[in-house]
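Dropping the structures in below, format is structure tokens.
Here chain A shows up in two complexes: once beside chain B, once beside chain C.
The block that comes next holds the complex of A and B.
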């Protein structure tokens, strides 16, 4: 499509055409910076305003001309529009009789047009699309806002800042493809416009444009070429960077940068692609079981101490761990998880870092060495037919409760969802309290419903409230989620199962399947470790397993109580002394440290990493890849796990992941 | 009655020893059978012999003043029992058979003498004992960590 020229004095016509029945977002000066916001008049644009940016520094300055788009991106982006910093996911209620109800909150955003989006901005939207609408699950709130973004006019950047490196990142400063409806390049006299979509062409037709003069074309190209040269800084080679960063996990520089980093999270909040979020119950009366609350999603930073924290453990305990997580995720494992780098080269994180930490400088220094031994998996391709995932639980009734130990109960729950496979988990929630991922420890299917067993240890607010439920009460459930145990891969082979503590719960479904099918699983050996004899789960059911001739069961406790005549000692010792049959495959679940030593003991017994499966635990909020919380190196545990083959877990047992 | 060399060769750590070395260990090794509940030795007993468990479960217990007697470890098939014998120290724990148990009992004084005389045997025996002690130390650490308790 051929370019047209819109003289500067006709800019109001563009604004008016974009505002025709739509909200218009574009750049404005607010609080000393150029940010995205609603535009009513041309005068709202930052006319004659430019900026100066360097690591840790941002300043507006007056330009010598009247350009309206003569600045580099400021601290906000369209992320705020599509994925607001705080939003309600659903409303929840719990009555005095213990019944619960949940109502989804999905926005109906008004039709929106954007003026002045940069190439990096559009690339960032593309990255967020991969998270929210192009994975296996699609987020309806994001999708609604995305769909409401009807008309986008991009202005190609001719005024990059010193911190910009979109050229290196391959995202700008020119806008490629149909990421925007209309592409503009600003010169002193006005805008050179080019339509990229049908809508863009229609818009162009309605504007008082004329043909582009040769000198105007030359001026536009010259400015764009200069910006292209400037943003190809040559300081960062993106190609192969993930592998090089994962090879540098022990680099001394992480300590140096961590000593400067304040862990303030500014970088993640200004980054247009960062998507991690927290979720919490808002509006609840403290401590009250009955009542109403709203589950709210709030931006979260991987620099916060809560980001990875699990009950009793924080895999990323130090600022070094968190800085390394941010950089290796953004520039590295993002590619493995989402098929694209998480960095579009906008430079915001560097400009807005109070410590002036330069992302490019760190990435260059850290990523200039060898290629990694940590295998980075290939990302799943964008999903053509994602399922809708509104994150809203359904009510399910507690039929009965079995007390297992002093702090563990099994809930027997009638659910009307899909039956879980062994090893998968559900998200359980209670209005006013919270939500927690819990593995399904047993399933029986019936016409129209599924009876699910959930074995829960009361450790924190949510799990304690769940373990206090009574028959007849309800809870919220969603799922099942995740990848379960690979039962098909075990067929015919001797199977060794090692469970530690409540780790027996996620394995029980698999054990039952193995116990019931001696023809498919002729040799099953169970090794169960617990803290004390009183902490053993399912002792009665264990006796029925022992009645089967193809099943052998050995139980050990760390601390014997008087009268205990079984084994005492850690579960790995059992493996050491038992002859593990050739060709055996192993399933392992328990605390991470126990799994690591068990895995080593299995290797010593001849069970190689490609024949071991483990189930991992990481902090989780959404369970479908939206919240970013369950990072473990290249993996999102909710989506790629929780069951992993051991050789996929190169980082198991490494501090800080 | 002492055992045959091939009985000893079935213990992984000994299989690589030459026949004459195995035979000299066999000459000081006796097979014993104990019924369930038999007390094998008592915490504080004078230095005794070294055992190898052929079959069965043996429980080690220790007395902790104020907390009574506590089972600290169970040993079974193929494991070494009573390594303190090699140091000629008093027993640090009591050992009781939990099931009917078959043991190989190695005369510790004679074994130590043999170790001095034949460095091949000396090295093997000490390597086996060292591995056992290292494994137990490591396992004890895990036990102390209380991995199932904290989470």
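The block that comes next holds the complex of A and C.
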């Protein structure tokens, strides 16, 4: 399609055509910066306004000309539009009789047009698309807003800031492909326009354009070339950067940058690709006291203490850990998780860092060394997209409750969803209280429903409320999610199972399958550890396992009580070489530290990493890869796990991961 | 205080709430009263056992499910009162900068109390004052803290609602900056060089000051991992003296450890500059 020219005087016609039945978003001056906002008139555009940016500093300045797009990107982007800082996911209710209900809240966004998007912004949308619509699931709210973005007019950037490096990042300043409907390049006299889609061509037809004069074309190309040169700073070599950063995890530079970093989260907030979120029970007090709440999603930052914090443990307790998470995710593990870099080179994180920390400078210093010996995995192909309904809890009835120990119960729940495989988990919800991921500890399928067992230890508010449920009450469940135990890979081989504490629960489904099929699993050895004999789960069922001749069970406790005649001590002590059969494969579940020691003990007993599987518990909100909370280096635990083969977990036990 | 699901049994035995005042200005307690519409359902859901501002009912001295403590501990009498309240209460919540970090009263710490009393009171021997005004947590176990001077209404409601429901209160220990960005503000520090303590200050106010284009004064006190040293060096780079920097850290929550330490360091920095060490002289 050939280019056309829109003289500056005709800009109002462009604004009017874009606003025809739509909301128009574009650049506006607000509070001393150029931000995305609603445009009503051409005068709303930052005409004659430019900017100056450097690490930690942003100033508007007057331009000598009348250009409307003579600035570099400001603190906001289209992220706020597509993935707003706070929004409701579903409404929940728990009635006085203990019954629950959940209704998804999906917005009906008005048709929207965008004027003035930059190449880096469009690239950032492409990155977020991979998270929200091309990942483990499709997020209906993001998708609705994305679909409402009907017309996008990009203006190629000819005024990059000193902090911009879209050239290095390979995203700009020119707009490639059909990321926008219409591509504009601004020169003093007006806009050189080129349609990239059918919609763009139709829009172009409606505008009072004329042919582009040769000198106009030359001016546009000259400005674009200059911007291209400027944004190819040469300071950051993207090629191989993930491997180089992961080879530099112990670099002294992390301490140096942590001494300056305020852990304030401005960088992640302004970054147009950061997607992490928190989820909380919200809604008015009056409604909450009557059992009604709204589950809201709120922007979260990996610089905040809660990002990775689990009950009683925080893998990223220090600013150093968090800065390393940010940089290695953005420029490194993002590629393994989502198949693209998380950085589009817009420079926002650098400009808007109050401490003036320059991302490129840090990445350059940290990434100039050797390439990691440990290769990062490739991003998995998009999963089969679950239906939208699968992201909203459904009511499930508590049939019975078994008290297991002083703080652990098993809920027997009748669910009408898909039956979980051993090792998969469900998200359990209680309106006004919260949601928690819990592994399925047993499943029995029937016609039209599934009876599920869930073994829960009351450690915090949500799990305590779950353990306090009574028969006849309901709870919300969604899922099953994640990758379970690889039973097929165990067939024929001796199987060793090591469980610590409540870690026996996620293993029970697998154990039952092994116990029931001696022909497929002829040699099964269980090693179970608990704090005290009273903390042992499922003692009665254990006795039935022992009745099977292909099953051997050894139990140990940390502290014996009177009358205990079994083993005392940590479970790893049971894993001597003589106790582990030749060619064994192992499944392990327990606290992370226990799994690390167990894994080492298994290696010493001849079970190599490629024959061990562990299940990881990490903080998670969404369970389908949207919230970013459960990441552990290259993995999203909810999607790639929770069961991992040990050799996939190169970062297990690494400080900060 | 676990009442979920709402059953008739839970209704009949409403959780018992107390509000207790030590040394402070009442501002935070009044915040509780100013939650007008929201307070109504709360008032029906709890039994208010002791609350100087709201009820004329006499304290029955019985156990409390939740007690909100306002103010710092400045006198022996207050200390004894606090201990007795702690012994009665299942959940103790400090509300406001005074209770949480000593507040404005704590500014007298480190000065000669007797001298100050002579200046302030005519008959100082009648005032039974402890040497320091100290936060509640220095004396008894604290279950939850509401920061701020005064506290934020939304946070108070959130806490009480969560305690009533038996869920975890969302009182996130995160920076004011993330709230500021969620609110869509343009950063005053970056765009207009206005000093702002937001990056190291505990959120909860919803970035109130930056929303009015002012820098954050830090009234919610330090967040975890508060890198005060880095902020001080940023302030120094814009030409502030140690005394000026110290003043910023000593405003509302100056006794909070991270802020107090930095204020002290800033003043020391000034002294070092005034008296250069011999090696530094040419």
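Throughout what follows, the second predicted complex is superposed on the first by the 638 of 657 C-alpha atoms of A that agree within 3 Å, B and C clash if a C-alpha of one lies under 4 Å from a C-alpha of the other, contacts with A are read in each partner's own complex, and residues count from 1 in each chain.
In this section, contacts are C-beta pairs under 8 Å (C-beta built on N, C-alpha and C of every residue); 3 or more make two chains touch, one makes a residue touch a chain.
From a predicted model like this one, the values you see are computed outputs, not experimental measurements.
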A:501 touches, of chain B and chain C: first, second, both or neither? first
Chain B versus chain C as contact partner of A:265, first or second or both or neither: second
Chain B versus chain C as contact partner of A:424, first or second or both or neither: neither
Comparison of chain B and chain C by chain A residues contacted: C
Contacts of A:459 with chain B and chain C, given as first, second, both or neither: first
Partner chain in contact with A:333 - chain B first, chain C second, else both or neither: neither
Overlap of the chain B and chain C footprints on chain A, listed as residue numbers: none
For the chain A and chain B complex, residues of the former touching the latter: 310-313, 459, 500-502, 529-531, 535, 556, 558-560, 562, 564-570, 572-573, 576-577, 590-591, 593-594, 597
Touch list for chain B against partner chain A, complex: 57, 59-60, 68, 70-74, 76-79, 98, 135, 139, 142-143, 145-151
Contact footprint of chain C on chain A as seen in their complex: 30-33, 35, 56-59, 74-76, 80, 85-86, 94-96, 98, 259-266, 269-270, 278, 280-281, 284-286, 288-291, 298-301, 303-306, 318-319, 322, 351-355, 430, 432-434, 460-462, 464-465, 468, 473
Residues on chain C engaged by chain A in the complex (per definition of touch): 2, 4-8, 38, 40-42, 45, 157, 160-162, 164-168, 170, 172-175, 177-178, 181-187, 189-193, 196, 198-200, 213, 223-225, 227, 229-231, 234
